[in-house]
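Every chain is named by a letter (A, B, C, D, E and F) in the order it is written, and numbering of its residues begins at 1.
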């Protein structure tokens, strides 16, 4: 099993979710995060004091998928998340030994 | 001259109440926006609290209330630059029945009217949420206040041509609600839809804020309507009770309809219905009695529930339903007065309403007033909006809309709940 | 008739203030719920603002204030369907000392009383938080308003049997607080505990909201108590000051006790103490003077601090302490009046309090009034609650309770702070 | 004695309005703190609402208003322990022109003044945000109220030496704003900077809360200023309008300056400018007319925008700009009155302002009053603060500051938005 | 070392934490997340407009534990998180090379 | 590629970010989390009822970096995050197969 982790632009969440469902993903976990990167940030002003804020809102997705599906899912995800503008985010894959569905105790591909 | 201290106390208080409505409106709308645009919504409203009073003492008041009672189109410059404002006697304000009876200092009357001048353009903010350049708003508001608000206020509240015709508007069904509602419609037509609307869900970011705003609006509306009696008398009393009952009935009607239709009674529905009731009773408040406010409230609750879905049908993005609630609700109330006006409540009612046996005369006058107000406000706003669009532009860039208006227009964030210090 | 414009202004204003208390109460309680139930709490309160006025003009007012001054059990139908409500003269409202002296339009009096009728059932919401079906509440409130509130209001405020007996209640220690508190107790006994209570922590989700609600309640309570003078006179003045001092003293007493006992002075403690002080001074406000409000406030702050832990001992889940604060605080104030009532403050005090040398007569009358109110409200509420439970059911399903009442009852979420558009 | 019911109604209402300002102030400041300190900010304000009234009826009122009109330094003990407070007639309060004309019950006057006594020390909370021990505040407030507030109130409001000198202060430019501002400066000098200030960004955690607070402050300030007329007359009317216009002008001025200088018009700027305008008009409210409030508001908006950056230059951490807004804004208004005072608005103006041709006499008196107030408040606060520091300590531990004052001082969290039950 | 990641129902957090402590876990990190999966979501209604919301509140736990403890911890976690109803969540395990306690510089099993 | 995950004290975020930038990290993702551990928690009191809260606010950082940079980045991170007081947090490293920059499709070291 593999864990696909992506950090994307928040307004792309819906499209990405749809694309991943289309690629066969049946479940995923979504986290509100802030991202630091090339996109840079913005300036905020409070009573004349300027603050440089270099964290921008992003959404993180984690989906554990069967090894066989990884390529297709990542591809679908990238296609949906891409706007071509800086800050579109990253997707990366890592290894998972073991996944269990808590409700049933099913393991591996049956659990996701 | 000896003023009536009771009347003065009540109108002072009412003025404070109505002023408080604008922050209330800011919260009412602010809760409905997305979190990245909440400050911009608050700012659009706050800005009205700032710029309108400045204009009012200089020129707005005199354009609205100069030469009161002249059956005309616009005030003159008798109070230009606050001239005589602090010393003129009520009897000198205008010669018609209404001003003749005024027993409060003119400066209180002016402050009370100012609060109306503040909140009316603020109402428009709900329609243009999430995409209007703040600079455009900063320019639009003074222009609209002078070119649209002051004239219409003159026509109706200062004994201008509509009042002379016989149309009645106790506290601003035309001057405030239809006026702002028609302007809102014009502006959203120019401005276009929010990116993503209507496919992308844009749920309210904080309904507790909206409910607080509703509470403040409800509270302040007592000043709005009962204060419009400009005295602490039986008419104020009737206006107060009518306001209360119509708001309540509007809420109940909306809740019942949505419970039946959508399966759930919602907080936003309760708030919307109450506001619809308040809007509709505004022109009627000091002119009706008995169970009339109940009927008006129930009616407008149902009507506005359906009116707010027009935008999906016609495809204009009236974001927070200013047209559906204020234009339609104000129209409903203005016409309803033609049905329910009751001379036993207020001697200014010379033609009673249709349901009270007074025939259709008043109803006709009300329809004319509605048409005139809506037509004028719509066209004039279109022109003002178009001019701004062609000069500095109405709409923010797509990137700014995506980032949110709080950051792009104001360099601020509404919430910083996570702390890193 | 010439009304007293000053009195009218003050009672109009007070009515607005008291109406504003209900949204304040919604926030006070709403902040204490869990975030998944906040809208339901707001809605329970809003709903009272909607349904009660509708009922009031139709039947509630006449059941409470019809045949005022009859020393009886229930009003008659003289004002049914708002009949004569806008035209009746105060002198015709009732013949006793109290109504004879009324100098404001009856419709203002009715609106003022309506605000009490709105907030009293709303108080109950705090006890049943997080688990009551909204449909059950929607049914309970009108039934309770007519079957419990109107009768008790008649007994006490309309010169009914309790007033005739000699019991005093300036602004609703019995009618409002004990009445709602006893009803709350009955309802939570029927309803059972929240899933997880008391083992699972259920901390307030937003104490800033609770503190805002407290501020609004405090503000509005000046209308509640000083408005109950129904005039802008020395009695209103005394009621105002007493309200201020008792609320303050209640806060300080609660803070001191909790600082000593729990180690920290808390925001929620400050808010709770202030509300306890306000509850206790309610029956006394226009009847006491000097340092009496100080003693009453200090006393109730201590008493209510301890009263709210009764629920852990007896095992009933009075979620947000309606019993501990309103029933006990209202009882404390009602009895305290038997100690502190002062005829130099208000001529309606014919038996002075025990501490002022008036003997125990008033104290006894107060105890009877308390017992009658609590007993009647408890039993009547039990019956109403039981009937609802047996018909549509009082409690949401376990799944709905877990999901939260905002989604399950209203298909809404209180907060959508993260934005995906 | 027959009181004027209209005046009484208005002052009752104004008292409620001013009381409501303190929760408003709590929110105004609370929104600007970091989320871990929000409750502490609310508590500092709430605590003033609790402790001050308790002290006031016992000793504060009599120290401020005993022997009114004596041209002296401090009140006597005639009203100690609320003695005669509910029965004394206005004519007996003091013999000077001002009190002689009072037409409301003394207990209303006392309640109104109490609301000022509550909010003045509360203003200081903004300066000491995020690091003051709550126990130190709990001790500081009563000491300051008695040793600083009551004397200064006597000097100015009770016909004490400053009033006798000829200085004017309609509603508290000196007594409230400079007094609190100077105290704030003294206290932050003793207390030191917040850990991390000014390098670490500490942005407001909730600007919607700050804007709500501003709305409440604006609303309440009508009671503050127009209520200070102690009647519902032309002076109240002028004060009302002036308050409105100056606040608006302050907002616009601030927005324009920051838009030009920092590139964006901000919500916090709009709120700050409005408050600055309100502060500056406070001493002037019932003494000026025409376009004077406009000039005062515009002026103070610009001045305070620049004043708030002094702290960066001099290195004192006036966290939420109490010095920059209240000390400087109050000073600006106090001196501006020397320019704009107008005897046609208020007969108490015996020397008109410089710009009205009255010469520099009044300006000089105003300068003396400012210097005396600032000097006294600064020194006295320094002493009180030093004593507290040397006994129980002013400042929380570094760990407690890091954790946040809500948890460390009050064992509470402001927000629990995530729910695990 | 292994990282155990679980996504559970929020109201189970307390029980799960207790169970994991019981199984020897001394620290973990908790994240508020939203989950998409078989459980589906719900409908929200705002002024007559229906929104389908398919993300439901979940809590994510991450605990790095010694290899030897993994089985016991996962078992305890599953037992505590299970309600038998849909949406109970998942637990999965992945490899961690290296963990350091920032305060002391301790590594591996000593660091958790 | 490796993923470095750290849980730190919130007020250290700025310093840590700066240190990691200094060590060559060009992007990272920040999550607000709550931590359970040796640091313990605190007591809250609501109307006399005491609640033991054993979760304290922490910040989680995730940065995917090239294998070659791991040691330097972790070292810099630890140095910046360390206060010496309990609760400073952890940092751990795990394997990542594949990282893609969504905007460009770049992979591996070019993507971070």
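In the analysis below, a contact is a pair of C-beta atoms (placed from the backbone, for glycine too) under 8 Å apart; a residue touches a chain by one contact, two chains touch by 3 or more.
This one's a predicted model, so the numbers in the text were calculated from it and none came from an experiment.
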item: Neighbouring chains shared between subunit B and subunit F, ordered by label; value: A, C, D, E
item: Length of the shortest touching-chain route, subunit B through to subunit D; value: 1
item: Chain pair, E-F or C-D, that carries the greater number of C-beta contacts; value: C-D
item: Centre-of-Cα separation between subunit B and subunit A, whole angstrom; value: 45
item: Approximate Å spacing (C-alpha centroids) for the pair subunit C, subunit F; value: 51
item: Per-residue overlap in subunit C, given as positions that touch at least 2 other chains; value: 4-7, 9-10, 13, 196, 200-201, 203-204, 206, 212, 216, 262-264, 266, 268, 411-413, 415, 417-419, 421
item: Shared interface positions of subunit E, touching two or more other chains; value: 11, 14, 31-32, 44-46, 53, 94-95
item: Arrangement of touching chains [line / ring / star / complete / other]; value: complete
item: Subunit D residues touching subunit C - in the complex, by the definition given at the top; value: 3-10, 12-13, 15-16, 19-20, 22-24, 26-27, 30, 38-39, 42-43, 46-47, 49-54, 56-58, 81-83, 85-87, 104-105, 107-108, 110-111, 114, 134, 138, 206, 209, 212, 216, 409-419, 421
item: In the complex with subunit A, residue positions of subunit D that touch it; value: 198, 201, 203-204, 258, 261-264, 266, 268-269, 272, 305, 308-309, 312, 321
item: Complex contacts: residues of subunit F adjacent to subunit C; value: 44-51, 53
item: Subunit C - residues contacting subunit A, complex; value: 418-421
item: In the complex, subunit E residues that touch subunit D; value: 10-11, 13-14, 32, 57, 59
